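There are structures below to look over.
Consider the two complexes below, in which subunit A is the common component and subunit B and subunit C are the respective partners.
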Partner chain A sequence: MMQENSRSNVVAALIPRSNLQLARLCVITVVFGLLIFGALRYDNFLSSYNILSFLRYNSMFMLIALGMALVIMTGGIDLSVGGTAAMTSVVAATLSPYGWVAGLAGGMAAGLIVGIVNGLVVTRLRIQPFIATLAAMLATYGTALLLSGNQSVSVSYDTAFISIGQDDFLGFPIPAWIAIVCYIVGWIALERHPVGRRILAVGDGEATAKLMGLKVGRTLLGVYATSGLLAGLAGVILAAQFGAGQPTEGVGWELFAISSVVVGGTLLSGGVGSIGATLAGAILLAMVFNILNFENGLGVISLSAYWQSVIRGAFLLVVVILQAKLMNGRSQR
Partner chain B sequence: MLLSMTGINKSFGDVRVLTDASLQVGPGEVMALIGQNGAGKSTLIKILTGAYSHDAGSIEFQGADVRFGSTAASQAAGIATIYQEINLAPNRTVAENIFLGREPRRFGLVDRARMQADARTVLRRFKLDIDVNRPLQDFEAATRQMVAIARGVTQNARLLILDEPTSSLDEREVAVLFETIRTLKADGVAAIFISHRLDELFAICDRVTIMRDGRTVAVSPMKDISKVELVRTMLGKELAAFTAKKRAHGDGEGAALVGVENLGAGVRVRDVSLTIGKGEIAGLAGLLGAGRTETARLIYAADRKERGAITVDGRETNYVAPADAIADGMGFVSEDRKIEGIVPEMSVRENMTLAILPKLQKAGIVDKAAQRAIVEKYIAALGIKCSSPEQPIRELSGGNQQKVLLARWLCMNPRLLIVDEPTRGIDVGAKAEILKLLRSLADEGLSVLMISSELEELIAAADHVTVLSDGLSVRRLASEDITEANLLSAMAYQEVPA
Partner chain C sequence: MTAAEDTAGPTPRFNFAAWLSRYGTLLAFLLLIAFNVIATPNFLSLQTLNVNLTQVATIVIVAVGMTLVIATGGIDLSVGSLMAIAGAIAPMILLGAIAPTTDPLVVLPLAFIVPLVVAGLLGWFNGFLVTHYSIQPIVATLVLFTAGRGIAQVMTNGNLQVFKNPPFQFVALGHVFGIPTQVLIMIVVVAAAAFLIKGTALGRQILAVGGNEKAARLSGIPAKRVKRFVYVISGVLAGLAGLIVVARNSASDANLVGLGMELDAIAAVAVGGTLLTGGRANIIGTLLGACVIQLVRYTLLANGVPDAAALVVKAALIVVAVYIQQSADRT
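Then we have the complex of A and B:
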């Protein structure tokens, strides 16, 4: 037993300290690999236009991936983010005539409410997160359709609302600023604030966390509320960017978010995870789509946009298989 | 007294689990708490720590009447619990685990430098010099345990509850743990020590509280009680009206069906040898944690053996999974009917034919006629009392549920049936019936390996008994030698320290 232990200590010192770090390293390597590939192959890949429009569009996805990462770190899941974003885009568009503050606050509040309801259903009623948020997903899509009468809801161009999605600040798209701020706050919360330790401890084992005297219910409520809030924010950006509340958008967003989190090395079982790698995961998956566009632009081959899902799926599968292999390797020591 | 629990009653639904239980611990005292499975130890502890609430009785801690609403509340009051399965977050670092929930802060954020320094300081008290920034799961069990204790100590615990703390530790690790307990004792920290390893109790504890059937039956200074006395008090005497044994098969001299030699795996099963003859009931005795179920699981290939040999009919087995053991004619009726045995919502018929179902197929469809024939045969043969084969099994009494489980394996025509605590939770009358049934099956040539904690049961039913202690087969008793005194002294056997 001692021998085994000292051997594993040596091994642990040589390889990255955890699977997470290894996965993080992988995803960042792949992101840089794709960047170099794109830069060499396509003329305007690293042009400021491409980079800025990439960031402008994908900020929404980065935001929901952030919320999803926090939920998954606790061992849960939030399937309602796509529906929530659709619903809040309608809410924000409807409120946009009253000013950008009303649109922004209204959309975020609507998202927060969904998140709090999710959190309460999971913690108080002890419903499985999968089921609870599946119900919320259906409810939010339905609400989005009800509020909008199954039509896009045009935003008001009289107020500054559309700036949230379309304008720049210091030469950088506002949605990207929002995402950056949220990721910085998220990183500090997870890595430097006690709440982050609590989130990960809950994901490591709820019963254990309870026995350690941690406030498990409050932690879970917090992450679902945060996820809802960020989905609400994504919905606001969606409405502002496209000039309309989109009740039928958001389908499949939750899967994009989950994929980003998993590709970023966060285990679905909870307890480990990284904010930075989640961002890298989201960028990686989004870049697949971007590169596909460029590839078609070359005119050599013509791949339908549907291929992006196939390629993203392949990425996801490879990562999950790698994770499973690493996990086995660890548990057998 | 630091802690005084008196007159504690607790029921779950209609089931009374604690009756007038009590527990007193003085400052700096190490109190052993022992009892059989189901004696009420863990319920009592959970009431103390606030995980359960008691129906009646009082708890006094540090001079004040208390009733903790949650484990967090009892921790805040100075009670820290170290569980058997170490309840910390394996993916978090050592330092984080010690301070989770009350991290030192600086400007609202975690002051990591101070947290790490504080963690090192407290671990150094226990002569532990480790990298506190590594995830807890990188360390061996004893170290993790020490971290759990360090967590308790930094919460200013006045009372440590150690629930089977040594079950996954080796000797050296146990020594380190004891050193830690002594260090804390010197500081006036008291401990409740739950363990089934008797020599450990004598090594570290000042007094012992013995529980049985939800009651506190004895409290004694460790030095005034012998091991045998301790075991006797713990197991109690409930000599039931079993039928006298008809030992048709003598003393186990018949042809051996199963031979186990120097079997070992992990720390639970260290060196076990036994034989099971054809048509014999072989008993497997020992205290909780002695390695009985673990040994059976190795024979059945539910777990992988690491050392030793298992032979069936003289040939060494190479089972990879229980399916191989089943194919070779083994059956296993597990200890916990509810978890590993019955499917409560399914009918008697479905439960009984669960294992044989693959053999009852005709072109992929269950042959109903054959199924019905089997079910009717065994309901009659075992005297299972049910309104019809379609009655949900959960409506049957414990004894009848057990018979259905026996039938599940018997219809496979096994050569060896392993029964783990076959009469647990069954009333006395039905117990005798189950034992009689096993005997008549043995008379027909079935070999039985019976794991039991009840001495009377072993004395009444087994042809020979192998006694395990701490993972070692320490004694084999046959026919007339199977007596309470012999079993007790063998079960209380401890290795002479080298």
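Then we have the complex of A and C:
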């Protein structure tokens, strides 16, 4: 008995790990491959202007992908991130006349509240994360439209609020700084702190984690709250960057975030995952769009912006099939 | 198999939670109608009925396919994108952009058959990813969710296709015995799916695969084929809904057709009493679920509540409905 148990544990814990590391390596290789391809093919691809504007714009998506990665590692999912970002962008824009601190804190608090509600619905009412956060998505869009009166809410230009989205600090966009800090914290939490073990243990099996004496409910509440908080932050950046709180923005963000996480080698079944590879996944998917722009700039071929989702889908397909082959190949042995 | 055989379970004494779980959606539906009869002016008119039914028809058609997929323990996020593809192909055929003819005898059947076949093939592709590579359904259908709308946009170059073709548009604008055709199609789809689940061996197999795939396979059920079948059905029904939407609008906008439909359909399934864990399929429940969601929205709008607030109410409705069903499950 003991042996069988420990063996299946080893199979579950060790073998997919090395595969996933391989999968992550793949993603990071592809990112570098695209970087080299872009650098050789396009003149200004590695110019500081392109890199900085790429980071400025995509930091929002990196933030929500980070929160999504944590949720997915516990075996859950958070469909509400797009709606939350839309809602918090409205909250932040509304509070922006009272100063950038008010806008930032208000937006983050609103996101945190959504995340906590998600966590409570999942842990206390024990409603599946998919349904719970689907409902939260509708509710946040509804709230965003109610708060804004169905219109985008202009931010105040009298305060420093727009700096959060538009200005640089030490020659680097502030949104990118925010994303970098969040990713470092996330990496430390997952790889160097007991909470990371807890998150992965819950994702591996809630019942087992509970038997080990882990506080499953609190861990789940924590990851949903974090995801909400990060979506809130993304909403603040959205409002600051575009000068308005946008109640209808964020549609499809959740699926972009899920794609980033999946491309980054994190399994939707939970229990495994990597922060760095999630970042690589988000960068990979975002770079598709960037490269498409440059390719059109060359004038050799003209691919409309609509191709980007086709190409993203194709990337997702290739990655997912590769992962499946790696996993299935090992588990059959 | 036992999980599939029986949904409520024999209870010796009256179990309120189970009763509420079984008839809660129906109860909510009847209460909403009663409320509207009293509070909403002109509610009991044929026009109100038609407005509500036509708005709910496409959601129900897609949600029936979703119910079957969810019954096998899967999910299909690609339905909205498949609607966009089917909705893009049909006008292209009608306008002679694919085949160099606009002869109605050739074009009209093609405008129905080609989009449905394409949608069915794409559904099969979803099922292939799920069964052949053992990819989780959310991820597998995320591929076409992402790429599908892009394909439709690339095909039409993102342009609005305006067309006028009364025979084709009969699927949405026509009436048979005074009933709108799309409502009739909805009823046929619901009846066929309910018969499939209740009255055929395949229906049993679908539930068995969702209840316990391993046990189903060991008892000789071709689990993979059953799964591919439900994804094909889901794809075809999504394609059908796409045709109805573009026929209704006399225009096809690849950016908008079916946008967010996957969530509407999943919400209808959840409110209708089919749990996302698989092994069950409550087709009539899905119909009621979609009607309740639509009726709540209509009730709020008709009584001056803004659409945005209706979204919040819809969210609460989903949570409450699923909570009631789950607590009934645990008792």
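Here is the rule we go by: the second predicted complex is superposed on the first by the 316 of 333 C-alpha atoms of A that agree within 3 Å, B and C clash if a C-alpha of one lies under 4 Å from a C-alpha of the other, contacts with A are read in each partner's own complex, and residues count from 1 in each chain.
Following the convention adopted for this analysis, a residue touches a chain if its C-beta (ideal position, glycine included) is under 8 Å from a C-beta of that chain, and two chains touch if they have at least 3 such contacts.
As the structure is a computational prediction, the values presented were derived from the model and not from experiment.
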Determine, under the contact definition given at the top, whether A:W307 touches first (subunit B), second (subunit C), both, or neither.
second
Quick one: classify A:R197 as touching subunit B (first), subunit C (second), both or neither.
first
Tell me the contact category for A:I188 with respect to subunit B and subunit C: first, second, both or neither.
first
Hey, is it subunit B or subunit C that touches more of subunit A?
C
One more residue to check, A:T208. First (subunit B), second (subunit C), both or neither?
first
A:I258 contacts which: subunit B (first), subunit C (second), both, neither?
second
Taking the superposition on A as described, I'd like to know which of subunit B and subunit C A:G271 touches: first, second, both or neither.
first
Overlap of the subunit B and subunit C interfaces on subunit A comprises residues none
Give every residue of subunit A touching subunit B within the complex, in rising order.
1-2, 5, 8-9, 12, 17-18, 188, 192-194, 197-198, 200-201, 204-205, 207-215, 271-272
Could you please specify the touching residues of subunit B with respect to subunit A in the complex?
70-72, 75-76, 81, 83, 87-92, 96, 100-101, 103, 105, 108-110, 112, 134-135, 138-140, 151, 170, 172
Residues on subunit C engaged by subunit A in the complex (per definition of touch):
75, 77, 129, 133-136, 138-140, 142-151, 153-154, 157-158, 259-260, 263, 266-267, 270, 276-277, 306-312, 314-316, 318-319, 322-323, 326
Contact footprint of subunit C on subunit A as seen in their complex:
77, 79, 121, 125-128, 130-132, 134-139, 141-146, 150, 251, 255, 258-259, 262, 267-269, 304, 306-314, 316-317, 320-321, 324-325, 327-328
